[in-house]
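Next come two complexes built around chain A: one with chain B, the other with chain C.
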Partner chain A sequence: MRTPVALAVLGLAVLVLPLVAPPYYVTLMLPFMAYGVILLGLNLLFGYTGLVSFGHALFIGIGAYTGAVLTTKLGVRHMELILPAAALAAAVVAAPVGALCVRYVKIYFGMLTLAFGMVFYTFLLKFYRLTGGDEGMRMLRPYLLGREWTGFSKVDYLVGPYYYFSLAVLVLATLVMWRIVGSPFGLCLKTIRDNPLKAESLGVSVARHRWYAFMISAVYAGVGGALLAPPTGNVDPTLAYWTHSGNIVFMVLLGGFSSFFGPLLGAFAFIFLQDTVMSVFPYWRLIFGAVLAFIVIFAPGGLMGLFARRPPVEVSGA
Partner chain B sequence: MILEAHDLRKLYGDYVALDGVSLSVREGEFVSIIGPNGAGKSTLINVLTGVLAPSGGHVRFKGRDIGGIGPVALTRLGMARSFQLVQIFPELTVLETLQAAVVSRRQHGSRLFASLRADHRLHAEALEVAALFGLADKAHRRARELPQGDKKLLDVASAFTLRPEIILLDEPTSGVSTADKHTVMEIMVGAAKQIGLRSIIQVEHDMDIVFGYSDRIVALHQGKVLADATPAGIRADAHVVDTVIGRKR
Partner chain C sequence: MGGVFHAAILFLVAAGLQVVFGVQKIFNLACGSFYALGAYTGVSAVGYFTGHGGPPALFIVPLVAGGLAVGLVGILVERGLLRFVYDRDETFQLLLTFALVLMLEDLVRMTWGTAPVSTGGLYLIYGQARVLGATVPVYNLIVIGASLAIALGIGWLLTRTAFGRIIRAAADNREMAEALGVDMRWVYVRVFTLGTMLGTLGGALVIPATAAMSEMGIELIVEAFAVVVIGGLGSMRGAFVGALVVGVLRSVAISAYPELEMLLIYLIVIAVLIWRPRGLFGAAVA
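For the complex of A and B:
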């Protein structure tokens, strides 16, 4: 019963935050919410299916560029259209990529996803006319709920309507993912994570379930990627670069992949830690490298594992 | 005839693992496959369960050729198996393991938004099987925390949950202490009757178990069937006793 209370308190805090906190911190919440969506998807693959993708920035890039192309080139400004389009674009790419990748496991799966990510990164970089090359593309301020929000300054727009819109998307994505991991499908994914040989002998098609999980996680990354773009107003190829894929894997490890909410905590901790460390120390990657080493060696359950009394390796239905 | 293998051959390069093996299993039969290490038992199991395609000959289950069709298709047809080295889902509870088997049997594995928790029939059926195997009081324990004998039972129980017509048990009592072997077998055979399993094939080294439960015994040696007879027939065959079973001193 602790979890619902904790969630209620957190929910309330997040709701009133824009009213009480300085805009700077409120805008920091925007990438957190975008990454939150991305990580929920990534963890379906990582924590629930047992596959570590090092190429998920590919789908973040697809989502972000979908938003940029729609707003600047096609005149589609409604976020309610941009998000489904980003999801669809990610799914269309994930279908063939996933079908190939899920035939491999462990390091081979990771390397293959990495390779596809790099192919897309190079495409974004080299097809200058289409993508703007290394300069990227502008992402125009999207309409929300059919409104342009013309009277709002950029900051007012971000800490007001866009904040609540992102929050709604994150909450919806969380509820849907909660449903998925508690479904018969989710149970089958866990059997595959634990023991693919046994899963197959019980009639669970390992390749098919991995493929579905891959596509769902790609859709989440696409939606999160589209959410990531409006605050910066610009998309560029680094979104699809492999270090970005590494960052999101780091966030999942930081928060703890064996718990449902671990990745959300990881995204939050990452964003605010990065902000704090960067402001006092230019070589923030040095600190983050040390943190990563510490987690892997001493706290494999991540931050969530430190809070929970259960042993960190436990991966439950929660 | 529920399962029928005819003149199975399996080559690994120059090595002949199966050299013309024929055997059949009738409805209601408990058949044991015995033989020394290297006799071809593992290969035979893998061919009988559709994991490997034979190099020659064919294997038919309910009249259908199942050579190399793979485990998923085989379970759909009604054959299940357990493993020599116990195979469990370490992080799942007993109940979750059995629920997964029910989900698979009902072909509900692609249901993304159905709720496991709200499915009371699923819960009830998983508990029922757990009870049959004496695992009901451990239903919420994680599989990796179970003692070895219970892990073995869970492996078999999950296969039984598929309600197959025939089950292939690969050394069902390996890794189980001598004292518990008969208990484990009694539970398995009792559960088989309850569930309505039509036939059981087992590969087993423990001759007490083999002679205690089998209707028929198939002795393999160097990739060939050395003998195929009732337990009494096997005991009377001096050649088989010498090469496969060994004499008690």
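For the complex of A and C:
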């Protein structure tokens, strides 16, 4: 019963934030919302299906580059077109990649996804004429709701219309994911995670369900990747690098992979903690590595696990 | 020949990865970080040596000593971190080594700064030789020879010594080895330190030929990863053959189709994972 109240308070806080908080903190919320979308998808694979991808940055890269190519080369500036295009591009790539990867589990799944991610990274880096090489490409400011927002400075645009647009996308993505994990399909995924043999003998096609989960999480990463690009105005190959894949798995673990809202908390904690640490100490990786080691060893339930009194339990999802 | 030199270095790092995976079943993402650590330590050791009047021709002594000595951090890592997660899901083990990658990368930056460092003009101090019609620095030949010797040494260790028998037994069946009176904690410390030292030595040996950079670790790990996938996880012969395949293919691709360089390697990795996930020499013992 307390969850809806907490959600309402949080929702209100997020809505009024641009009106009360300094623009700097509001712009930090933008990557949070983009990563929020990405991690909701990643956790369908990690937390609900039990597959750890070390190449998920591939789809973030696809989403971000789709946005950059559309705005700079093809003259498509409407975000309402860019996001579906990013989702489609991610799905088109994820279909064959996923079909190959889901035949394996555990370390082999992780290695295969890592290899696919690095193929795309190398492609971005080496095919200079198409992708701009290591300098990447510019992502022009997209139109929102059909409007150009010409009168807005960059910051006004980001903390105003773009903020609310991202928020709307995140809320929509959350609601859809909530329905997915609560559906019979979501229950099948959990069964597969806990006991693939039993799932198969109960008539659940393990490979097919894993493939669906892979596709959905790739689409989420594509959309999140496209959301990630406009605030920086630039996309580059590091978006698809394997350490980026590692970082997003880290975020999920930080928040707690066995809870529905854990990944969102993880994205939030990661981004604001990174900002805080970097402002006092340039070597944020040292601190974050130690945090990750601590979580793995002592608190595998993540932040959500620390809040929960009992050991992390399943979100019922319904 | 540049490819064979690269293969010799890759073999060392990949061998470290394999021995740890074979016995401890942990895929150590930090093996590239150990490589970077060895490289930076090598530069510092050589700098100290020549700065204190050591004859430049003997630079290889502090280089190797530094590379091996810093490998002892393996003890710290194993006792301080890894021993807590042996019973955990391999996802958590993988993430713990990823935590190490993050920490070591910044430790290197903190200690040695962000600018590349190198040993200066020591690379060609032994002159050059003509091999099969190509001009090759003699230093490359030394490293290739050393790497071959280490490969043979590991083979000898695994097949002919009591410790090697214990390692193979532990790789096959940990519980049984433990029941027969093998102190697994001790085996794990030694195996992990051996793996770490192979990585740091590889880093130290590469350094006269190239500058040390803070990203070198995370870049090498994906190559070492390609080596062990092609060769087969946990197999020493696999590491040897895989390193040759990756090292030579890369140098051929760089000169023939620069754009395909690593792309080609990853495509081979994917092909191997799909057609023969065990790799060329998979399912063998460490």
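Here is the rule we go by: the second predicted complex is superposed on the first by the 312 of 318 C-alpha atoms of A that agree within 3 Å, B and C clash if a C-alpha of one lies under 4 Å from a C-alpha of the other, contacts with A are read in each partner's own complex, and residues count from 1 in each chain.
Basically, contacts are C-beta pairs under 8 Å (C-beta built on N, C-alpha and C of every residue); 3 or more make two chains touch, one makes a residue touch a chain.
Please read these numbers as outputs of a predicted model, since none were measured by experiment.
Visitor: Going by the contact rule set out at the top, does A:Val296 touch chain B (first), chain C (second), both, or neither?
Guide: second
Visitor: Once chain A of both complexes is superposed, is A:Val171 in touch with chain B (first), chain C (second), both, or neither?
Guide: Neither partner.
Visitor: Is A:Arg179 touching anything from chain B or chain C once the two structures are fitted on A? First, second, both or neither.
Guide: Only chain B is touched by A:Arg179; chain C is not.
Visitor: Quick one: classify A:Leu273 as touching chain B (first), chain C (second), both or neither.
Guide: neither
Visitor: For A:Ser205, decide between first (touching chain B), second (touching chain C), both and neither.
Guide: After superposing on A, A:Ser205 lies in contact with chain B but is clear of chain C.
Visitor: Contacts for A:Leu88 in the overlay, against chain B (first) and chain C (second): which applies, first, second, both or neither?
Guide: The answer is neither, since A:Leu88 touches no partner chain.
Visitor: Once bound in the complex, which stretches of chain A touch chain B?
Guide: By the definition above, chain A touches chain B via 176, 179-180, 182-188, 190-191, 193-195, 197-205, 208-209, 212, 216, 313-317.
Visitor: What part of chain A is in contact with chain C in the complex they form?
Guide: 52, 54, 100, 104, 106-108, 110-112, 114-116, 118-119, 122-123, 126-127, 242-243, 246, 249-250, 253, 283-286, 288-290, 292-293, 296-297, 300
Visitor: Spell out the part of chain C that touches chain A in their complex, as residue ranges.
Guide: 27, 29, 81, 84-85, 88, 90-92, 94-96, 98-107, 109-110, 218, 222, 225-226, 229, 233, 258-263, 266-267, 269-270, 273-274, 277
Visitor: Please name which positions on chain B make contact with chain A in the complex.
Guide: Listed in rising order, the residues of chain B that touch chain A are 70-72, 75-76, 80-81, 83, 87-92, 96-97, 99-101, 103-105, 108-117, 142, 155, 158-159, 162.
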